[in-house]
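Labels A, B, C and D are assigned to the chains in the order they are written; within every chain, residues are numbered from 1.
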Amino acid sequence: MKKQEDADMSGSRRIRTDLALETTERFAEENTEIRGVEVHEEYDEEKDVRTTVVKIVTENGAKSMGRPQGTYITIEAPELSTPDEDYHREISEEISTHLRKLIDLEKEKSVLVIGLGNAAITADALGPQVVDNLLMTRHIIKEYGLRGIKHKKMHRISGIAPGVMAQTGMETAEIVQGIVSETKPDVVVAIDALAARSVRRLSRTIQITDTGIHPGSGVGNHRNGLTEENLQVKVIGIGVPTVVDAATIVHDSMAHLLDTLEETEQKEFLDEMITPNLYSMFVTPKDVDETIKYLSFTISEGLNIAFSQV
Amino acid sequence: MKKQEDADMSGSRRIRTDLALETTERFAEENTEIRGVEVHEEYDEEKDVRTTVVKIVTENGAKSMGRPQGTYITIEAPELSTPDEDYHREISEEISTHLRKLIDLEKEKSVLVIGLGNAAITADALGPQVVDNLLMTRHIIKEYGLRGIKHKKMHRISGIAPGVMAQTGMETAEIVQGIVSETKPDVVVAIDALAARSVRRLSRTIQITDTGIHPGSGVGNHRNGLTEENLQVKVIGIGVPTVVDAATIVHDSMAHLLDTLEETEQKEFLDEMITPNLYSMFVTPKDVDETIKYLSFTISEGLNIAFSQV
Amino acid sequence: MKKQEDADMSGSRRIRTDLALETTERFAEENTEIRGVEVHEEYDEEKDVRTTVVKIVTENGAKSMGRPQGTYITIEAPELSTPDEDYHREISEEISTHLRKLIDLEKEKSVLVIGLGNAAITADALGPQVVDNLLMTRHIIKEYGLRGIKHKKMHRISGIAPGVMAQTGMETAEIVQGIVSETKPDVVVAIDALAARSVRRLSRTIQITDTGIHPGSGVGNHRNGLTEENLQVKVIGIGVPTVVDAATIVHDSMAHLLDTLEETEQKEFLDEMITPNLYSMFVTPKDVDETIKYLSFTISEGLNIAFSQV
Amino acid sequence: MKKQEDADMSGSRRIRTDLALETTERFAEENTEIRGVEVHEEYDEEKDVRTTVVKIVTENGAKSMGRPQGTYITIEAPELSTPDEDYHREISEEISTHLRKLIDLEKEKSVLVIGLGNAAITADALGPQVVDNLLMTRHIIKEYGLRGIKHKKMHRISGIAPGVMAQTGMETAEIVQGIVSETKPDVVVAIDALAARSVRRLSRTIQITDTGIHPGSGVGNHRNGLTEENLQVKVIGIGVPTVVDAATIVHDSMAHLLDTLEETEQKEFLDEMITPNLYSMFVTPKDVDETIKYLSFTISEGLNIAFSQV
C-alpha cells in the first residue's frame, strides 16, 4: 500500500481501490459506458445477496479499468459479518460454485492456497485464518496413496500463510514463487484482506478473480503481485475488503467540495488537508475481530466444499 | 465509545479525547488560561522525552477540563514504537517513578492490575498484553508466606484481563467490582488503549492518572468507569492512545473550513460529511502489531520495576 | 493437580482420575457392586456413541466413589477428535439434551459460563476456547430489553475465562466467587480440561455433572473447587480428559507387576520408579491442537443449542 | 517422530534422543570410549552453566553415535526456564559466541532462519516464537540499500515459520527448499523443539550443531531433514528439548527391570507394557507456556546479538 493514489487514463488522481466493482460504479456514476468491459448483475431478493460479474475482455477495457483482463466476481451480502450459520453456509456454496467455474475441478487438481496478510493484525488476518481452517490432503495422498485412503480421485490441497515482509524479511512473492517451483501445483488460490474505497463496503463483499493478486492491495505491502505471469500457474484471487485507507476517508468526505475546485487546486487542497501521517493509517470496524472470524470461516468452507469432490 | 462527542463548557460540540493533555492544548491554542488547573512541563532533550503534569485542583477546573479532579501525567516519547531496548528501559523507569509518586509503595501493598480491552483486536490488546508480562506474587505469598520465599516484605501483585462486554456479556466494571470485593486489594491499576484526537499522538504518549478509567475511553465500550467512587479503592489509570475515531479524522481535516462557519452550520455540515458508519470505525497505524508489542512490554516492565521493591 | 494420589475406601493409594466412569470401571473389574451408586448405560450402535449415567445417591456411595453425591453423565464418542461436522452436530445435540435435564431451562435463566484452564497451553485451553465460541446475550438484554430485540423470553448468557493462578495471582475460585456475587446468575456452568487415568480415554469422552468442579482436576491446579457449597448457586461441570498425569502412565504400565507385591512393597517400588520430576509433567496427544479445536466447537455448540430456547 | 526406536551399532533397540550429549552419556555409563568422537566439557560454577562440545570426526564415530559427522554444542543451564533477565542475557551471549564459531560472521552473510514446529501446540512453538522475536533486515537493505540506512556492512536476515505437514499438506523440507532456491541465503539456521530421553533435561538444555536438523526430531514429524546435503547451503540446527516421548518414560522407568531380561524377553515385555496409543503421545512440563516464552526470547536474543555486527 505504498502508493495511495493511481493515475488512471483520465489523468486525474484517484485513491486506490482493490475492488473492480468500485471502479465500474464510478464510471456508472459518470454515466460512462466502458468499452471492452461486460458487467452482469444478479440479485437474490430472498437472501439479499447481489452477485456482479465484471469481465474485462479487451486491452482497452483493462486500461480503462486500471486492472488486467479477466473475470471479477463480486458477492455482496450485508449479513456476512453476523453469526447466522445457515446464511454463511449459503455464501460458502456460492463461493464454491464460482470457484468451480474459474477452476476446472472435474479433473484432479493440485491446489496451493496462500493465506496472505499479517496474522498479528486482526484486520489483516483473513488469509492466515482461512488457511487455518482448510482441510489439507496433499500430504496424506502422498504418504498413503489414493487407495490407502479409499478414494478413486481426490484433489491434492496444500496451503501456507507466508507472513508479511516486515515479519519475514522476504517479499511474499519470493516465498510463494519458491514453494510453487518446488511443489508444482496446477493452480494457486490466494486469499487477502483488501482495501475498499468506501466504509459501506467493509466486511460484506467478497471478490473472486482469475487475475490473481496485484501490488498495492490490502493492509500490507505486497510489492510484487501473485499472478500467472509471475508464477507460471493460474492464480485465483479471493479478497474481502476489511480496511479503508485513512486518507481515503478524508478525501471522500470532501468529495463535493473537491468537485467545485480546479484540478491543481484539488491537489493543493488535499495536500493541506491530509497530513502525511494519515498515509500510514487504516480505518477498520470496531467489531473487526468477530467479522474476520465469520468471514474466514465462510471462505474456508467455500474452498472445502469446492475441493471435496472431483 | 458510544458517545462520540462531548459538550464542554463553551457549549460547542467537541469530539472526544481520552488525553487530558489534548484538552489543555486546545485551551492553549485559544490562549485561554484555565482556573483550577496547574500545568507543569519538563523536557529531557537528550532522550527527547517530554513529561507534562496536569493537576486539576478545583471543581471549576474539573468542569472546564471535562474530567475529574486529580493528577494527569503524560509522557511523550517519539521513539516509543521503535525496537530500541535501552530506550524502552528508560521509559519503564520513568513510569515506575511516577507510579511511586501516585501509590505509596513504601509500605507493603496489595495491587490488582486490570488489563482492559479486547485481546482479539490488535489495537485494543495493550491491557491484556501488559497483564500477560506481569510478575504475579500474591498467590505465592499466600501459599508459602514471605518466610517461605525468603523475603521480609513484598507487594502482593495480582492481575486479570477481563475481556470486553461483547465477549463476556458483562460490564467490565461488574467483573472488576466482584473481584475487588472478593480479593480486597489496596489499589487497582487499570491499563487501557485510549482514543486520541490526533494521529500525531498515537503510540508515543503514555498517560498516568490517579482518577481511574472513565466511560467512553478506548476502542471498546466501557459504560461504567473504574474509579475510586465505584470500587471504593484507589484506582490508577494508565493509558496509551492507539486509535483515533474515524469521525475525528474527518472532523479535524476540515477544522479550518469549520472555523469559517456558524455553529449551526457547522453541525449541518458535519452531519452531511460524516456518514453514520464512520462512528463504528477506528483509525490505527499499519504497524500496530509491533507498536503494541513494544508498548505493552515497556509498561509491564515499568510496573514490574515499581512493584519489585518495598 | 497437587495431590497425585487419593486414598479410597480400601486404603490403597490410587492415582487420581477426574472421571467418575473410570472409578466405576475399576469396581467392575474387581466384580464389586457399589451400594448407593446407580449405573445406567446406553449404546447407540449406528453412531458408536455410548452414554453412561452414574448416580451417586447415598453418603456411602459417595465415600466408595471418592466423589460427592450427584449425577455424572459420560458420553464416549470415538470420533470426537475427527473433523466430521455432522457427527459433531449430533454430539452437540446430545450435550444439549443432557444439559436440559440438569438445568430447568423451561424458565428463563441467567447462566454464567466459566472457561477454566490456561489458554496458553494447548491441552488446557478447552475451557477458554468454549467461552470464545459462546453467544453472549446478557448485556444485550440488559441494554435493549427483551422487547428491544423482539423476544418474549430469553436466557441471559454471560461467560469468562478467568485464567489460572500462575497467570492471575488469584485462586480461580476467588475470581468466580466475586463475579457470582456481583452478577447473581441462577446457575454456573464450568468447562474444564480433565486428567484421565488412561490414554485410551483422551479426547473422546465428555463428562457432565451437577456436582461442579472439584480440586485436583485437569492440567492446572485449582485448589478450591467450584461447587454449589462454595458459590451458593447450582454448578454444572463439563469436562473432557485431554491429559494423563505422567506418573500415571508409568504406574499403569506396571500394574501387573504391582499386583504381585505387598502394599508396602508397592509404595517403595513406585517411589523408586517414578522420579519426582514426573509429577510436574503431563502426557497429551501429538495432535492436541486439532483435538481441542473440534472439542471446544462441539461443546460450545451444545451450550448454544441448549440456551437458544426457553 | 514416526520411528520411536533406533537400532544402534550394538544391535539393541534404543529409544530415540535428539541430543548428541545423551548418546555420549550412555557410552560413558557403560565406560565405553568412542573412537572418532571428541568430547570437551567446561563448567562455569558461578553461573552454573555447563557447555559440552561433542565433535564427531570420523565415519566410524558417526556410526557409533548414530548421527552425522560435525560439531554438537550443548549448553546446560538449570535456570533457563526461570524469569531472571540477566541470566538469560548471559545465555544469549553464550549462544551468540558459539554461533560466531560455527558461522563466519566476519563477512557479510545472508541468513535464513527457519522456525520449525507447530505454533498451535505450546511445546512445539519454540521455533515459530524465535522467528517472531527476530530482527529482519534483508528487505530493508534490499529496498533502501546499505547507504539508505547508514550502514557500511550488515547481515541480511530473513526468516519464516513454515508450519508442520498437518497444517500445510507439504513437507517442511519442500517449503524450505523452495525458499532457499529462490532467495539464495549463505546459511540456514533452523530452530526446533526436540525430544529428549530424560525429563531431567527438559527446558534447560540448548543444542547447537552444524549438521542441521535430522528426521525423527521433536514433537512433529519431519520426514526429510534440513541438511547441507539437501539444501546445498550450510545448515545450523538449534534445538531445545521440550518433550519426552511417552513411551520413553515408561521404558526408562523400567530400565532396571529390563536389564535382568534377555534381549528377546525385553522386546516382549516392552510390547506388552507400552500400549500402541502411547506412541502418539508426548510428555511435557505443566509450566510449558512460561518455559517456551523465556527460551524463545533467550534464543532470539542470541541470534540478534550474533547478527547485529559484521
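Here is the rule we go by: contacts are C-beta pairs under 8 Å (C-beta built on N, C-alpha and C of every residue); 3 or more make two chains touch, one makes a residue touch a chain.
Owing to the predicted nature of the structure, the values given are computational and were not obtained by experimental measurement.
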item	value
Centroid distance [mean C-alpha coordinates] between chain C and chain B, Å	39
Inter-chain centre distance, chain B versus chain D - centres from mean C-alpha coordinates, in Å	43
Gap in Å, rounded to a whole number, between the CA centres of chain D and chain C	36
For chain B, residues contacting two or more additional chains	166
Chain-level touch network, classified as line, ring, star, complete or other	ring
Pairs of chains, among all present, that meet the touch criterion	A-B, A-D, B-C, C-D
Residues on chain D engaged by chain A in the complex (per definition of touch)	131-132, 136-140, 156-163, 165-171, 174-175, 177-183
Residues on chain D engaged by chain C in the complex (per definition of touch)	1, 118, 120-123, 166, 199-200, 219-220, 244, 246, 249-250, 253-254, 257, 273-275, 277-278, 280-290
